[in-house]
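Next come two complexes, and both contain chain A; in the first it sits with chain B, in the second with chain C.
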Partner chain A sequence: MIKVLEPGIETTVQDKGREGYYEIGMPPSGAMDRYSYLAGNLLVGNEENASSLEITYMGPKLQFEEDAVIAITGGEIPPKINDEPVPMWTTLTIKKGDILSFDFVKSGARVYLAIAGGIDVPVLQGSRSTYTLCQIGGFEGRALKAGDELKIGEMQETSVKEGTAIPDEFIPAYKKSHEIRVIIGLCSYRLTEESKQRFLDLEWKVTPEANRVGYRFKGERLNFVEREQPFGAGSNPSNVTDLGYPIGSIQVPDGIEPIALLNDAVTGGGYATIATVISTDLSHMAQIKTNETVKFKAVDLDEALEARKEVRRKLDKIRELTTGQK
Partner chain B sequence: MSDKAIISPLPGVFYRKPSPEEGNYVEEGQQVEAGDVIGLVEVMKNFHEIKAQESGTVESFLVENETVIDAGQEVAKLK
Partner chain C sequence: MKELKPRYDLGGDEFIFVELAQEMSLEANFRGIAITQKLREKNIEGVVDICPSNASYMVRIDPEVIHPHRMIEELKAIDNSIEDLSDIQIESRAVDVPVLFEDPWTHEAVMRFRDRHQDPESTDLEYAARINGYDTKEDFIKAITDSPFIVSMVGFVPGLPFCFQVVPREQQIEVPKYVRPRTFTPERTFGFGGAFSVIYPVQGAGGYQMFGIAPAPVFSQDTRLPDFKESIVFPKQTDLFRYRAITREEYDSIREEVEAGTFQYKTCDISFKADEVIEDPKKFSEMVMRRLYND
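Let's turn to the complex of A and B:
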């Protein structure tokens, strides 16, 4: 058992996500920074889809009531065991009675606590991920609260030697200004040429409305091409006939404040989506904080697929490293 | 370095009062104890209390009410 002494501000159980229900309006949820989440599971020898804790901005304080093997990955929210700093991206052991806590966030926005065996919560539609808006999945469908008790599961596949550390070259670093790669579309034809360019040229500021559902940005108004309202579309120029929203798609309701839709977002609707964050950079999006800035860089599908291959290569190397040091 | 500070662990909109109709949590010159609430930060559609990490006298606030602040930003100086 792990006892939650302090919950942090939004600590939820997440795995790879609830895939396969998008068409009935169920978003996947799941770890927002999938790279860090997967690396965490590799460091503790878990199966790929084992459930971890996703911690946002402020770490929880957890008392372990049994010995455990853990790893903390993601942005930099420095962990401590019994008030002594311990490294991130490293296989750690924690003893019965020890307390895991965290310092203030230094960079990034989220960390993942992987525990050998994973966190034992009921599987719902193939996933242990929490979807807080619908109050389902994870630990009672909600973020953790003080007094909760988490049970360690049986999702460990192999044991990894204590002290196994991921080399620096595989650890992303985050500044306060970010570049996020997007593919332009699906409905970018609705923007004027000038606004399309402004979207890519501007440094967008992340507003306080930035969470697992989506990130809202401030910059300047974008303008849409004049048109006759098509059948089934709303009257606002930013409306189109309803479509499925890709995860990572960016819409601009009324031309003000673009919103990037993320893991817990609505799955479809009638706003023109002007660009979509490439899947690998969704992990980076998860590490962006309110009040930081983002510049969107347009890439083509080849580059997006190459980026995906590169992340797979990195995770394969991490897998070799963790399984080779048994 | 005798100067101490109150730091917000979170980014978001900083408020000095619990609600628009009420007064400030603390005024400059006032004594605070560790754990006293000195403001709120609104982020991810929730409000979180910002507490003094140590005791002292609030010398000055370094951010205005209702401004957006960074995680780790000093919001007030303590003496």
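Let's turn to the complex of A and C:
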């Protein structure tokens, strides 16, 4: 049992996410920084889809009521056990009665607390992930509150030696300005050529509206190609006949502030989408904070697929390290 | 059939987006339904999600199992295999969906967000009736409730049905969305935007005109409700929703049934071919009404 003494700003139970329900309007949810989440599970010997805590901006204060093996990965929100600093990206043991807490965020925005065995919450549509907008999944469909008690599950596969640490080369570092790779497309034909270029040239500033549903950016107005709106689309030039929104897709309602949709995305709607963040860079998106800046870089499919392979190679290396097996 | 020129594009490395047409039409919608149905039957390894929408569809894949370009080839082949609309058989159900128009809850929200609306001097319903050429709101409500709508897409949030009325094009209602989206919409609001009516499954942001409220849910975790035993969402693409104007009295009594876990939608299974609807929407709508209420 783990007792929540202080919940942090937004701490939720997440796993790899809920797949196969997009067509009913259900986004996948799941860990936003999938790379850090998977690395965390490897460090504690969990199965790939074991549920962890996603911690946002400010860490919780948790009292462990039993011995456990844990690992903390992601951005830099320095963890402490009984007020003593402990390393991130490392297999740690924590004793019954110990208190895990966190210092202020140094870089990034989210960390993952993996616990050997995972967090035991009911499976809903194949996943333990929390989807707070509809109050489903995870721990009672919501972020943790003080007084909650979490049960440790049975999703451990192997045991990993205490002190196993992931080498620096596999640990992403985050600055305050970010480059995010996108594939231009979807309804990008709606933007003028000039605005398409501006979208890629500008440094976009992340607004306070930056959460699991999506991030909204400030920069300058983008313009749409003038046309008579097609039947059913609605009157604003940024409107299209309501369509599906891919995870990571970027829309620009009224041309004013682009929104990148993330794990808890609305699954569709009537705004022209102009580009999509490549899947590997969604993990990076999760580590961006309000007031930081983002520059979008256009890449092609080959580069996106290569980036995906690179991430898998890294995770395979981490697996070799934690299991001692090739 | 009307010539549709599908446009295939990538949504990052995991999504294929296929735009069948830029404008909404039953032809495009039925074609999307037919293609995604066939795709589902093919059970292609690496396909994660199949999401048909109004005049487009989307497929999510694991690109390490199936390359996005190969997926696009598969989709083109399916598209080519569908000759015309008479090929498309649709298993649907007609549903009686009660709506209380001009209710106190959405009225309060309507008044709260007047500054974000095209016409702050009228209500959403008055405004929509006027710009669609109706003399009174009663005539406008009659137009909405006289013919069924087909659920052409489910999405935005779980269970939100986008509904497109089965009437000839010249009778179709079209309204703009709010100038700036609202931060609040009551749960179960009956709204209208573009050519689509919707029911908001949960309370939240929204940009559609608000005309009323439905007493029955479209999204529920209450498994006592017979309509929600199998799934937490009720609407399915191809459902035929007939919105029926009700009194406050009936609204309250349905709410009581919902609270008690006994409410069940009145439905009737209907199987049809796509071309029946396209060729004579009026006749089709009349058939749906007859089947739903008389048979």
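Criterion: the second predicted complex is superposed on the first by the 324 of 326 C-alpha atoms of A that agree within 3 Å, B and C clash if a C-alpha of one lies under 4 Å from a C-alpha of the other, contacts with A are read in each partner's own complex, and residues count from 1 in each chain.
Note that a residue touches a chain if its C-beta (ideal position, glycine included) is under 8 Å from a C-beta of that chain, and two chains touch if they have at least 3 such contacts.
As the structure is a prediction and not an experimental result, all values here were calculated from the model.
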item	value
Touched partner set for A:L42, first chain B, second chain C, both or neither	neither
Chain B versus chain C as contact partner of A:M26, first or second or both or neither	second
First (chain B), second (chain C), both or neither touched by A:E209	first
First (chain B), second (chain C), both or neither touched by A:K289	first
Chain touching more of chain A, residue-wise (chain B, chain C)	C
Which of chain B and chain C A:L186 touches, first, second, both or neither	second
Residues of chain B defined as touching chain A within the complex	7, 9-13, 42-46, 48, 68-72
Complex contacts: residues of chain A adjacent to chain C	19-26, 133-134, 136, 182-183, 185-187, 230-236, 239-244, 246-249, 253, 266-270, 273, 276-279, 301, 304-305, 308-309, 312
Chain B-touching residues of chain A, taken from the complex the two chains share	9-10, 56-58, 104-106, 176, 207-211, 289-292
Contact set on chain C toward chain A in their complex	9-15, 17, 19, 21-25, 48-58, 60, 63-64, 68-69, 153-160, 162, 164, 169, 172, 174, 176-177, 181, 193-196, 201-202, 204, 219, 221, 231-233, 237
